[in-house]
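You will see subunit A twice below: alongside subunit B first, and alongside subunit C after that.
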Partner chain A sequence: MSTLPNAEQLFQQLCQQIKPLIQENTALIGIHSGGAWLMQRLLDTLTVQPVHGTLDVSFYRDDYLQRGLHHEPKPSNIAFDVQDRHIILIDDVFYTGRTIRAAMNELFDYGRPASITLAVLINRGGQELPIAPQICVHHMQVAQNQNIQLLQHADGSFYLELEDC
Partner chain B sequence: MEVSILNWKTADMYNPQLDKDGNLKHLLTIEGLPKKILNQILDTAESFVGVAEREVKKVPLLRGKTVCNLFFENSTRTRTTFEIAAKRLSADVISLNVSTSSQSKGETILDTINNLTAMHADMFVVRHAQSGAAHMIAKHVAPHIHVINAGDGRHAHPTQGLLDVFTIRHYKPDMHNLKVAIVGDILHSRVARSEIHALTTLGVPEIRVIAPKTLLPEQVEKLGVHVYHDVNQGLKDVDVVMMLRLQNERMAGAMLPSSQEFFKTYGLTPEKLALAKPDAIVMHPGPMNRGVEIDSAVADGKQSVILPQVTYGIAVRMAVMSILAGNPS
Partner chain C sequence: MSTLPNAEQLFQQLCQQIKPLIQENTALIGIHSGGAWLMQRLLDTLTVQPVHGTLDVSFYRDDYLQRGLHHEPKPSNIAFDVQDRHIILIDDVFYTGRTIRAAMNELFDYGRPASITLAVLINRGGQELPIAPQICVHHMQVAQNQNIQLLQHADGSFYLELEDC
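Our next item is the complex of A and B:
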C-alpha cells in the first residue's frame, strides 16, 4: 500500500485541468459531500462564476433496497436549466462507477444536458460499469475492504484518510 | 360523552413500529418515536421538496413496489397526497375505498389485507375510523410488509403531525425557542395529539392548547401543554398558530351553542392574530371551515402557510415511505 498523496496538491492539479474547459455554457455540479467541497473551493479561485449546483444521489442509488436510506440525504440543489448545458460533474473518489450512474440518472430528470464530463481527484480502481472519468489526477489501488475518503480541516484545506470498512 | 386522556394512551397497544435494530418498520404513531427517527424523516423530506420543482418530478426509489391505499374512512386530501407521494417515488399505487367495496359485503379487515398481500402488495396506507386499526393490521401482516397509519379514529395521524412539524421547522428553524398554540377542537383531533408528541420530542419549550372545556380531553395538561380557555391570553406572543377544524361530523350531541358562537369566541380573525408575534405563521390541517374556526382574511393572508403545508405533506410522505421501504425485514 503506497502512502496517501497530498490532497491539496491533487486539488490544485484538478483545478488546472478543469479551468480550461469552463466556457459560457458550462455548469459545474459537485456530488455530495466531497465533490461539493471540491467545487466550492474551485469556485473560490474563479473570477467569473459559472452556474453551479450540487447533487445528492441517495434517491437514485442502486443499492437502496439492500442498504436503505440510512445516511441523511442532503437536498440536491440545481437552480439552473440543465437543458443543453455542458456539465462538469465533480467527485472526490471514483470507485465502481455506480455513484456516477446514479448522478447521471438524477441529472437527466432535470433536463437533457449537451454533454457531461466527469472530473475526479482519485481513481481508486474497482470499476464495475462502463463509466470512467475524463479527468483524474491520481490513480491508486485501494483494497476492497478499505475506504479512501476526502476530508476537510477547519480551515477548508483537504486531506485524505484510509479506513477499514 | 366523556373522553378522558386515558383514551389517548396506547401503552397497552402492541407497538411494532421499530424493528430489533431500532429502524422504522411501520409508522403508526409519533408517540414513542425517538428524536433521531423524527429528524431522519424531516431531513429526508427536506431533500424531497426539491423533487417537486424539477422537470421530472419522480425518483426511482420504490420502482417495482406496490403501495395499497386502504381507506376505510373517506379522506380525499390525505388519500390524494399519499397517492402522489407514492407515484413520485415510482411505486405502483392502488387506492381502495374499502367502505364501498368488500367490507360492505361482510369481509373482515384482515381478509381484505390477506387478499391484497396475495396480490404482492408491499406497503399499506391505512385510514380507519377505529383507533388502533393500523396497529392491528401491522401486527398481522407478513414480515416484509410495511404499514402507515393515515389516521385511526381519535388516536393518531402521524404523517399529518409530521408535516405540521416539518412546516414549523421550515419557517421557524430554532425549535428550542418557540411558543406554539393549538386552537380549537382538541378533543376530537388526532392531529393535535400527534403534533404535541412531535413538538415535545423536538424540544419546543412551550405548547399551548386553546379551547373551551368541552373540546378538551380531561387531564390534557398531563401531555405537558399549557391550557388556555381565553383565546386572547393564549395567543399572546406565540410564534405559531395552529388552527384545528371544528369536527362537526364527530360532534355527538351539542357541545357548543352554535358554530357562529364558536367563531365569535375562538375563530381566528386578523384582530386575534395581531396578539401573536408579528411574524407568527398560521397553520390549518384542512379542510377549513371558513367563518367557523378561521376568518378568510387570515386563511388567505400573508402569515398563512396553509397551502405550503399541503405541498410539504407530499415530501414528508415520500420520506416516510422511502425510509420504511429501505428497511427490509
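Our next item is the complex of A and C:
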C-alpha cells in the first residue's frame, strides 16, 4: 500500500491557493462533509470572513437511487444571494465529477453565480464528465474498489483514510 | 489582428483524437450548430457509424432570458438510449462552460451516461465554471467583446471567423 499524503500539509497548500482569490464579492461553499470541514478550518485563519455556506448534494446526485442514503442528509445552508457571486466551491476528493455536477445544479437553483471555482485537496483519478477542479493540490490514482476520505482527529487536525469498499 | 488557425487542419487533428475512443458502446453528439457540422464531417470519414445525435441547448442555458433566441431553436435529436453510453460530445468553441453545463443537463434528462467526453476545436479562454474539455486541439485568447465561430464554405470545408460583438 502506498503511503498516504499528509492531509495537514495539503490543507496548508490549498489555503495558500484559495486565499489570493478571496475578494469582496467572493463566497465560500464547502461540500458536506469533507469540504465543509476544510472551509471551516480555512475560515478560522481569516481575519475578514467572506460569506459562506455548505452544500449537501445527496439528493441531487444522478445515482441517488442506486446509492441510497448512507447518512442523514444535512440540508444545505446557503444564507446569502448567490446571484453574480464569485463562488469558491471546496471539496476534499475529486473523483468522477458527478458530485460536482450535482453541486453546480444545486447552486444554480439559488441563482446565477458570476463564476464557480472548484478547489480540492486530492484528484483521485476516474473522471467521467467534462468537469475538473481549477485548483487541486495533489493527484493520486486510487483503485475503483477503494475509497479515500478526509477525516478529522478530535483536535480538528486532518488525516486521510484509504479503505476497501 | 492575429491570424486565425486553419480550421480544416484543426478538424483533422480533432478527428485523430476522437477516432481511437470510438467503441461499440460509444455515441457521438454534436452541439448545434458548429459541433453538429464537425460530427457530420467526422461521420463521413467512418466506415462503421456509431449512434449519434445533435443537441440544441438554447433553452437550457442559464442566461436564456438575457440572451433571448438569436436563431430558431432546432429541437435536439437523440434517437438512442443514452443510459450507460460513453458519449463523445463535440463542440466548436469552448468558452465559459455554461453551454456545456446546459448540454450535460439535457443529456442527463435522457438517461445516465457511463461517461461524457467533451471534444472541441478551440478553447478561447474565459472559463467560468469547473468545466473543461478533455480533448482540445487549439488554445487561443479571444477578447470578451469578440466572438469566434466556425463556419462552412459551400463545399463543406471549415473556416473560422472573428468578429466584434
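Keep in mind that, in the parts below, the second predicted complex is superposed on the first by the 162 of 165 C-alpha atoms of A that agree within 3 Å, B and C clash if a C-alpha of one lies under 4 Å from a C-alpha of the other, contacts with A are read in each partner's own complex, and residues count from 1 in each chain.
Following the convention adopted for this analysis, a residue touches a chain if its C-beta (ideal position, glycine included) is under 8 Å from a C-beta of that chain, and two chains touch if they have at least 3 such contacts.
Keep in mind that this is a model prediction, so the values were computed, not measured.
Asks: Could you say whether A:Ser76 touches subunit B, subunit C, both of them, or neither, answering first, second, both or neither?
Replies: Touch status of A:Ser76: first partner only.
Asks: Touching A:Leu14, do we find subunit B (first), subunit C (second), both, or neither?
Replies: Touch status of A:Leu14: no partner.
Asks: Check the residue A:Gln127 against both partner chains and state whether it touches subunit B (first), subunit C (second), both, or neither.
Replies: After superposition on chain A, A:Gln127 lies in contact with subunit C alone.
Asks: For A:Asn105, select first, second, both or neither according to whether it touches subunit B, subunit C, the two together, or no partner.
Replies: Once the two structures are laid over each other on A, A:Asn105 reaches both partners.
Asks: Contact-wise, after the overlay, does A:Leu118 reach subunit B, subunit C, both or neither (first, second, both, neither)?
Replies: Second partner only, subunit C.
Asks: Starting from the residues of subunit A touching subunit B, keep only those that also touch subunit C in the other complex, and list them.
Replies: Overlap of subunit B and subunit C footprints on subunit A: residues 105, 108.
Asks: Quick one: in the complex, what on subunit C touches subunit A?
Replies: 62-63, 89, 100-101, 104-105, 108, 112, 114-118, 127-134
Asks: Residues of subunit A touching subunit B in their complex?
Replies: Going by the criterion above, the answer is residues 56, 58-60, 64-70, 72-77, 105-106, 108-111.
Asks: Spell out the residues on subunit B that touch subunit A in their complex, using ranges where they run on.
Replies: The contact residues of subunit B facing subunit A are 23, 40, 43-44, 46-51, 54-56, 58-61, 322-323, 325-328.
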